[in-house]
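Each of the next two complexes has chain A plus one other chain: chain B in the first, chain C in the second.
This part shows the complex of A and B:
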């Protein structure tokens, strides 16, 4: 118990520092890249004096650390600012008003935009991971338990095949086969759960090869450990040894892989897949924001992504140290 | 005497004897298939295990004893294969039993314990739970509570302290000795009829091995189990076995009772085996003399503490006191020995001596200069003059570099000489340590442990060091190879005047080569004396306990029963107040619990840290 409290106190405080540093770097980079945000807010028609006036009013001429402090103050209350472009009622408003007509209240709040998009992305990610597990766990286990036999080769072939398919191409082919040609599943946009299935399959094909390899290597390595052999001589059955000991030990490297690599791959995958399928999640929101130079959205997504990575890694490490008490944190 | 021996042997190894044997092996042959064809590992093995007896099987490494012990539970895997013979147990031939029936016997009626206790269990599950799991698997009729109670009772029977608490602790929290006890519990908890113990004391310290042997002897009576005890140490097998079988390259060359075997060995190989057991006391050789040259290494009050996180409290650390106030001096051309069991701080000390870590307090002076304060170029220059050689000859050599390149590496690092000079130096030193010049351009693949250790020695010697620290350098080598390298060290000492610090747990080797010896216990030197005093008239109970536990086949000045230690050394995190040895000392009295004894230096220059005066310990039972 004491261990859990200390673990979380330590890791949460480290995590907060990491997220603040990431936030500062992103915030600064977005403000030193060419292009004045006020020009994006007000559009090309606004006059120079109007720009300056409005920029000073919005605090955009303050030193970066002042702006950052103000921003972080808002973030702690859950307010990530307002979009430069998107209207509160939806749709883009950028460039259509002059200085007098601009009212920050008319723009959509970033937190609301993210809160709207997040459930869609979580649903897609969860289904993608579930599909990946469905493929990778049986194939990976088979390959690990029967090293050198046909299941091992099957694992190798499947993972080699999947790893060499570009996700954009897979997306297009699946849309063609499962939607356009056969009409089994809907593909573009979102009007119900069925719209998540094809994008999730694309994600799963991207995630599963790494999982298959990791599971088979980890399981095979544990079968080679002394404790496995000794367990059989001690009078335990192979089935018990695999179910109770090999899988448990094999889980530790898999958890670490999941925290360190899979979440990153998943985030990257979401952006591409959501864009291909016009799926209204965080990825789509971010890509549009990048095209429109809508900095508040970009920085909010980046900060949330780093916070999610930190949190997931913390949980993964906690699970690992709970399984294997030898691990230090 | 020979008549009585003969009858005893007959009753144990004759199938027609009145008592039905527990196991009979007849005509067993095992081969290994390699790319070059089949090679015989065991041929025509006949043996009989009598009920309630201990059958010892002795053989050197490569004699096939592990294969034999595994064949007795029908547990051989390809490329090993049984070609003919039978292993009869309880009226059935184990070799022809269906796999499922055999699996039902294994662990239940026939238990097997191996040489590697620390990796024998799943590292992520508490020890007690795993023993319980096994008991429930082989005896499903027991209720969970009854099974749990039986495991705890058996843990208690092998004298694991606070067994209830230990039940929930993990394998990494057990020392090697405790873990081997746990494996004995695991084997005995199902009341097997036969226990096969394959080299189980090999990784253990001598005092712990002595405890395990006595324990196994007691348990064998209590549990009514027959034991097949396999070992490569004649000293150890002779402590426990009733009858012995000598195995040489897959053949049984001799079978006799233990007393008969030691007194009147018949086969040449057995005689050789007995002659090879290192002698500590029964030796004509005079031990090396202490040197009176200048002091090379002066260690003064060195302390080293490591900090580890405490899992049971918030933001707490625990201090592991690895080395506590160690002082000694080594003179030029002298062999200094540091002995002690695992966890006594020897290895930390070797890291401090070789400047891999800095002491927290105290000074280490090499030729009058404090090595702790040296940095950069000065430290590099000093490093040339003392070198460290470690135990593992495999991981210390890069697999992808040629042997010549490996040995040349230190010269390149220190920038000594051009290419031709370096090549010449490397070839010279290779010749000196006995490596063939043809190895110069070869990769280290295929080198034996002894040859690899020679490469390590050559790599250290090429810098022409003045001091060599040998941290268990010879421990992984067999007797023959060890003796050759010791001769090499001696030759080098005569030729180059090198000073050696031997850090070892091998008391026989230290007896042979070291002039002065320090005994460490829990990070402290408890006794420091010259060789003869140490072995014949030691002043500290711990030294005597160590010496009494050495497995030898000669008369000892210290009787095992008088000095046998209980328990294990305390955790260096919780060092008890007072004398740190008192928790295991057979002579501890009131004062030991409160006063920590300081080192008493006697008139002859020897020292020990004990409240008891030198002459109040029992008189040695053998005079020098």
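This part shows the complex of A and C:
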């Protein structure tokens, strides 16, 4: 118990520092990269004075560290601010408002926008991971247990093939084959669970190569360990050894992989896949926000994404130290 | 990966010659595999096509022609020469557009991987060699960088500014150097304890000289093999950026923009989307297969195989 408490205290304090630094990097990037949100809020016809007035009012002309301090102050109370563009009633109002008529109170709160989009993204991610496991576990196990034989080759071929298919292209091809041509599944937008299936397949194709390789390498390495031969010598069958010991030991590197690589890939994949399918999740929300210079949304998503990354890494490390107590943190 | 490299590096002898021998043995073993020869020939064929195609094929990648729009590939009914793989919605030759897209993607992939390899390994070696506070700060920096998802960083920077090949390369390098830094640091930690480093120090070599002349040549080749796989990854990123509209801008053809524009004509002219994708997948496939075989050969040799 003491171990767990010490572990979490230490890692959470490290994690908080990382997330604050990430927030600062993104916050600064947004403000030094060219592209003025005020121009989009007020539209191309607004006068220079109106622009300046609005920018000062929104605090965008203060020094960056002042803005950042103010922003972090709000974040600690759970308030990510309000969108520059999106109305509280849905729909966007960019470029249609004069300087006087623009009223921040009528803009949607960022937390609400994210809370609306998040369940969609989680559903897509969960289904994608499930599909990926469905493909990767049999192929990966086969390749690991029969290293150098045909299942091993199969693993190499399948993962080389899948990793070579750009997700944008796979997405379009699957829309063409499964939706446009045959009408089996719906594809664009979201009006029910069926709309998740094709996007999840694309996600699974992207994730499975890494899984296949990790599973096969990890299983094969364990078969070469001394304990495996010892178990056989002591009369345990190969089957028992694999089912009872190899799988458990192979799980540690797999968990690590999940933290370090998979979550980053998954986040990136979600963004792109949601964009291809106009799927109303976090990725779609963020990409639209980037094109509309909607800083509050981008900042919030970046902070939450990195916080999720840090948190998952922490849980993964904790889980692997629990499975294998020899590992130190 | 770190561990296998580290264990192999753990034997003494003169590391430079030893590793040169190892590199040659890895290459020899990799070349012995059928997959390697297959992948290399596909890659060579695509390279030749990309280099000479534009001069041999009598068509244009950018000139529009209303009479020739939506021509299917030559193997289908209605296809006609010289448009081997058909034309797009503006009558431009798809094969040539894809080849130019391939050339640009490959250039961006190679330059960005070389950049992230040099930057990452330099920081990693420095961090591992120096140790102490420098090491802690640099490694925390990699933590921060790795906690920003690549795609978020890319769409933020590229979506806000005007994307150009240089900014695209910069973003890719910025997003991916930490992986190399981590690996290089890990190996350097093991390496700096070795006798040859101590010997060089006693002989009066400067730290810079030790890092550049002694440590780098002995630890980098095994890492470089994996970089081949990253070239393919970066090419996919380039395609994604183009698809979203934050990559190389039209009229320069890129895979992303070709595929994105083709989606509107999917039912009537599927080849606009499918054809460039197949070419890209072939290129990526050959790179990945070569990278995969090299990686396996490296692991095999480093684990003491012949």
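We adopt the following convention: the second predicted complex is superposed on the first by the 326 of 329 C-alpha atoms of A that agree within 3 Å, B and C clash if a C-alpha of one lies under 4 Å from a C-alpha of the other, contacts with A are read in each partner's own complex, and residues count from 1 in each chain.
One rule holds for everything that comes next: a contact is a pair of C-beta atoms (placed from the backbone, for glycine too) under 8 Å apart; a residue touches a chain by one contact, two chains touch by 3 or more.
Because the structure is a prediction, the values reported are computed rather than measured.
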Exercise. If you stack the two complexes on chain A, which partner ends up touching A:236: first (chain B), second (chain C), both, or neither?
Worked result: first
Exercise. First (chain B), second (chain C), both or neither: which does A:293 touch?
Worked result: second
For this session: Considering only touches as defined above, state whether A:163 meets chain B (first), chain C (second), both or neither.
Result: second
For this session: Identify the partner contact of A:245: answer first if only chain B is touched, second if only chain C is, both if each is, neither if none is.
Result: first
Problem set entry | Comparison of chain B and chain C by chain A residues contacted | C
Exercise. Can A:302 be said to touch chain B (first), chain C (second), both, or neither?
Worked result: second
For this session: Scan A:180 for contacts with chain B and chain C and give back first, second, both or neither.
Result: second
Seminar exercise, completed: After superposition on chain A, the chain A residues reached by both chain B and chain C are none
Exercise. Which of the residues in chain C come into contact with chain A in the complex?
Worked result: 35, 140, 143-144, 146-153, 155-157, 159-162, 232, 236, 239-240, 243-244, 255-256, 259-260, 262-263, 266-267, 270, 273-274, 277, 280-281, 284-285, 287-289, 292, 296
Problem set entry | Complex interface listing, chain A residues touching chain C | 17-19, 21-22, 25-26, 29-30, 33-35, 156, 159-161, 163-169, 172-173, 175-176, 180-181, 264, 267-268, 271-272, 275-276, 286-287, 290-291, 293, 298, 301-302, 305-306, 309-310
For this session: Within their complex, state which residues of chain A touch chain B.
Result: 2-3, 5-6, 9, 225-227, 230-237, 240, 244-245, 248-249, 252, 323-326, 328
For this session: Write out the stretch or stretches of chain B touching chain A in their complex.
Result: 73, 75, 103, 106-108, 111-112, 114, 116, 119-125, 133-134, 137-138, 170, 172, 186-187, 190, 309, 311-315
